[in-house]
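Presented below is the structure to which this report refers.
By letter and in written order, the chains are A, B and C; residue numbering begins at 1 in each of them.
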Amino acid sequence: MLDFLQHLDRRWIFFLMFIAVAVPLIMGTTFPEVPSDQVMAVFDAVDNLPDGSNVVMALDYDPASQGELQPMASAFARHCAIKKHNIYFMTLWPQGISMIQNSIGILQDEYPETYKGKYGTKYVNLGFRAGNEGVIKLVVEDLKKSYSTDIHGTNLDNIPLTKNLKNIQQVDLLCNVSAGYPGSQEWVLYGSSPFDIPTVVGCTGVQAPIMLPYIPDQLTGMLAAIKGAAEYEQAIINAYPELENNPNAKEGLVRMGPQLVAHLLLISLIFLGNVIYFWERKQGLHQ
Amino acid sequence: MKQSTLIWTILMVAGGAFLLFQASKGNGRVYVREIPVEAQASQPEGEEQVYRWTRYQQVTEAEKGEPDVRFSLSRTLGLWVAAFSTLAIFSFLYGDNPIYKFTESVFVGVSAAYAMVVAFWTEIMTNLYAKLLPGLARITFYPDIDSTARPDYLYLIPLVLSILLLWRLSPKGSWIARWPLAFFIGATAGIRLISYLETDFVGQLQSTVMPFIVFASDGSLLWIKSLRNTIFIVGVVSCMIYFFFSIEHEGVVKYISRLGIWFLMVTFGASFAYTVMGRIALLSGRLVFLFNDWLGI
Amino acid sequence: MKRTIPLLISAITGFVLIGTAFIPLFVDWGNIAMSWFNLLAAFAFILGGGNLLKMQLQKISAQQPGWGYAAVTLIAFFITLFVGLAKVGVHPNVKFPEFAWSGDYLQEDGVFWWLFEYIFTPLSATMFALLAFYISSAAFRAFRAKNTEATILLIIAVIILLGRTYASVWLTGWFPDEFIIGESGIKYSDFNLQNLSEIIMEDFTTPGMRAIKIGIALGVASTSLKVLLGVDRSYLGSDQEA
């Protein structure tokens, strides 16, 4: 048996991982989530703002991280929409433009009474600008030096939401969804920390430990990886039960099924690997 | 027949049969709603000018019977191309193969050109062309530009720097690209120096300055909070001592730095777990596409 | 000329930007410098594309092994570039329909959008999805409890992996909500896997990360100073450069 495992073709492991993720997805298994304090800090930051507050939604991710971050971005969009916030979309990633479109789609399809046909008065899409942290430096000091027009080429001075906006220090909250560089860390370094802009972020599992030390002094809250997204969705559903019937509002919750099985598989693999290692050591293969 | 060829053949035949079955049920088709657009000219010459075209909005399969909804060939084709691309990349798990190499090459080409196009339209056209030639920009790409806008000749400097940067591609005189590069490096160093010191050094130290022993307002000892604070401070200090390579790690320092290593191992263990979590989520995302969007399972 | 001017440019730019934190007059200069910086970053994308083009063409002209794939890359590159720059299939901006080029280059149903949506998105997302498979294979082959440090790492990873899923409720959800010793304030349930993983993140991972951050901050600051003062000139390359 151990001999077989020792020389196991790695494609069998790939196959097991595929099954571990695919089966729970097809079955659509979900589990109840209890939002943690950290997630509730994010929820409260959005929810405690008066209706119709100004929120910058910086979506700094690409299709490669969509599997992990789209549920968060969608949940942010839904929560802000329920609160009827005015939303300024922007991205530091060239591929982020389509990610913004996904969020705008949610606003228009699910909350048409607030957002349909309200471009410029309830939401605006600033699109992408090159320069990574250089863009953050400008938007926190002088927005129109970086964004003279929105994504459609409309002059920001002709858009009601941006007409009197000098920089994003004037907004009530910055929501950032980030897949890496440039992203959450840069927003904290150049935005939220030096200028005290209230900021919440949703980030990938890789970034989560890196962002932890900023909480709570330099960052209000963080949604860490898909678990954070699922808890945030649950927090929104708890507060606004009408979302219970919206399957799209449970994207993160549905993904927790595959996470459970795949995590268990991974732990079993680590365990088996170590059993083989200690067996080999006993045989004198590792000196 | 080689074993791998046999496995491939079985997989392909089974997969193909399943796809045909799914396609016959109507899955893998995209429907769109036709939305007529009527736009009036902003500066009509003479009589009123109206421009008409049709916009398409993707709808769910359930809405396909509605009068203005129709089958979209281009999007259906796109869906199948996307599914093929996904499977082609996944095929690398079995082994390197020409289909994977082909899609990988396509990916490299498309992503480089995509980044170029986006940078061109978003930054170069709006923040350089429109600043240097606002009049021309207004009659070509950006009709909404303020008609009183005057050329900002200061932008000639970044134009020159940019040309020098592109000079790097030329076989001769590419050293001139050092000038814009120096500007870039200098600016990066300038903004990072202050930000990192302010946020990651002073800010992080400030957040670590906390009492070892915490009392409640009634004077009683909050020992759990005190214990947590102590663990935290010991953790930060011991890790920093481990990073302090200018002194010999001997005696007390050795023990403290060893404690630091343990704290770092906990950190890395947690980072590993979170990375795993992230990777699995990415795979779920892809399978959701295959199962829901394409196969309609 | 080749070294002195770049050193001057980088020093002046850097110190002006540092000055923005202390001298109000410098803030506007800093913003101007940043807008130039962003433009250069955009041109860097073009430089990247140009470099790719150069390399692939060299590969094809030398008929290196796999040059056919280089040709595929080039074809994909040129098609994407053309449809993106020419705004193929893009309708004009609704407010300014008489300006044929006023439409959004990434407009839904445009060819560039199609390429992004149906080729770029699946390819890049699947490339990253492959990592889930490789990390599982690595978990089986590489993560061995060889010594104390590796054992700590593995145990923590397992606790977090379990604690962040519903497995934590199955395995330790039954821990009673009672105090461990008298009215100590600590309950058994505080140590269920979910709470334990939160304690690990807050009280052990955060200090470790904080120390790393402080170290990196000092490293970035000293590297930046070395660059601005001209002590570190590695970015200028060698003098032999054409």
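We adopt the following convention: a residue touches a chain if its C-beta (ideal position, glycine included) is under 8 Å from a C-beta of that chain, and two chains touch if they have at least 3 such contacts.
Nothing here was measured: the structure is a model prediction, and the numbers come from that model.
Q: What chain pair has the highest count of contacting C-beta pairs?
A: Maximum number of inter-chain contact pairs occurs for B-C.
Q: Which chain is most remote from subunit C in terms of Cα centres?
A: Between subunit C and every other chain, the largest centroid distance is to A.
Q: Let me have the rounded angstrom distance from the C-alpha centre of subunit A over to the C-alpha centre of subunit B, please.
A: Each chain's C-alpha centroid was found; their separation is 11 Å.
Q: If you average the Cα atoms of subunit A and of subunit C to get two centres, how far apart are those centres in Å?
A: One centre to the other, that is 14 Å.
Q: I'd like to verify one number: the distance from the centre of subunit B to the centre of subunit C, where each centre is the average of its C-alpha atoms, in whole angstrom.
A: Centre separation, subunit B to subunit C: 7 Å.
Q: Touching two or more other chains, which residues of subunit A qualify?
A: Residues 14, 17, 21, 64-67, 94-95, 97, 129-131, 134, 137, 146, 151, 153-154, 209, 213, 225, 227, 259, 262-263, 266 of subunit A each touch two or more of the other chains.
Q: Where in subunit B do residues touch two or more other chains at once?
A: 93, 114-115, 118-119, 122-123, 127, 141-144, 187, 191, 196, 198-200, 204, 207, 267, 270-271, 273-277, 279-280, 282-283, 285-286
Q: Can you list every residue of subunit C that touches 2 or more other chains, as numbers and ranges?
A: Those would be 32, 34-35, 37-39, 41-42, 44-45, 93, 95, 102, 106, 108, 116-117, 120-122, 124-125, 127-129, 132-133, 135, 139, 154, 157-158, 161, 164, 201-202, 205-206, 209-210, 213.
Q: Would you pull the subunit A residues touching subunit C in the complex into a rising list?
A: Against subunit C, subunit A makes touches at 8, 10, 13-14, 16-18, 21, 31-32, 34, 36, 62-67, 94-95, 97-98, 101, 129-132, 134-135, 137-138, 141-142, 145-146, 151-154, 209-210, 212-213, 225, 227, 256, 259-260, 262-267, 269-270, 272-274, 277.
Q: Using the touch definition up top, name the residues of subunit B that touch subunit A in the complex.
A: My answer: residues 93-94, 114-115, 118-119, 122-123, 126-127, 130-131, 141-146, 187, 191, 195-196, 198-200, 203-204, 206-207, 267, 270-271, 273-288, 291, 297.
Q: Tell me, which parts of subunit A touch subunit B in their complex?
A: 11, 14, 17, 21-22, 25-26, 64-68, 70, 94-95, 97, 127-131, 133-134, 137, 146, 148-149, 151, 153-155, 157-158, 188-190, 193-194, 204-206, 208-209, 213-214, 217-218, 224-227, 255, 258-259, 262-263, 266
Q: Residue numbers of subunit C touching subunit A in their complex, please.
A: Touch list, subunit C to subunit A: 27, 30-32, 34-35, 37-39, 41-42, 44-45, 93, 95, 102, 104, 106, 108, 116-117, 120-122, 124-125, 127-129, 132-133, 135-137, 139-146, 154, 157-158, 161-162, 164-167, 169, 194, 198, 201-202, 205-206, 209-210, 213.
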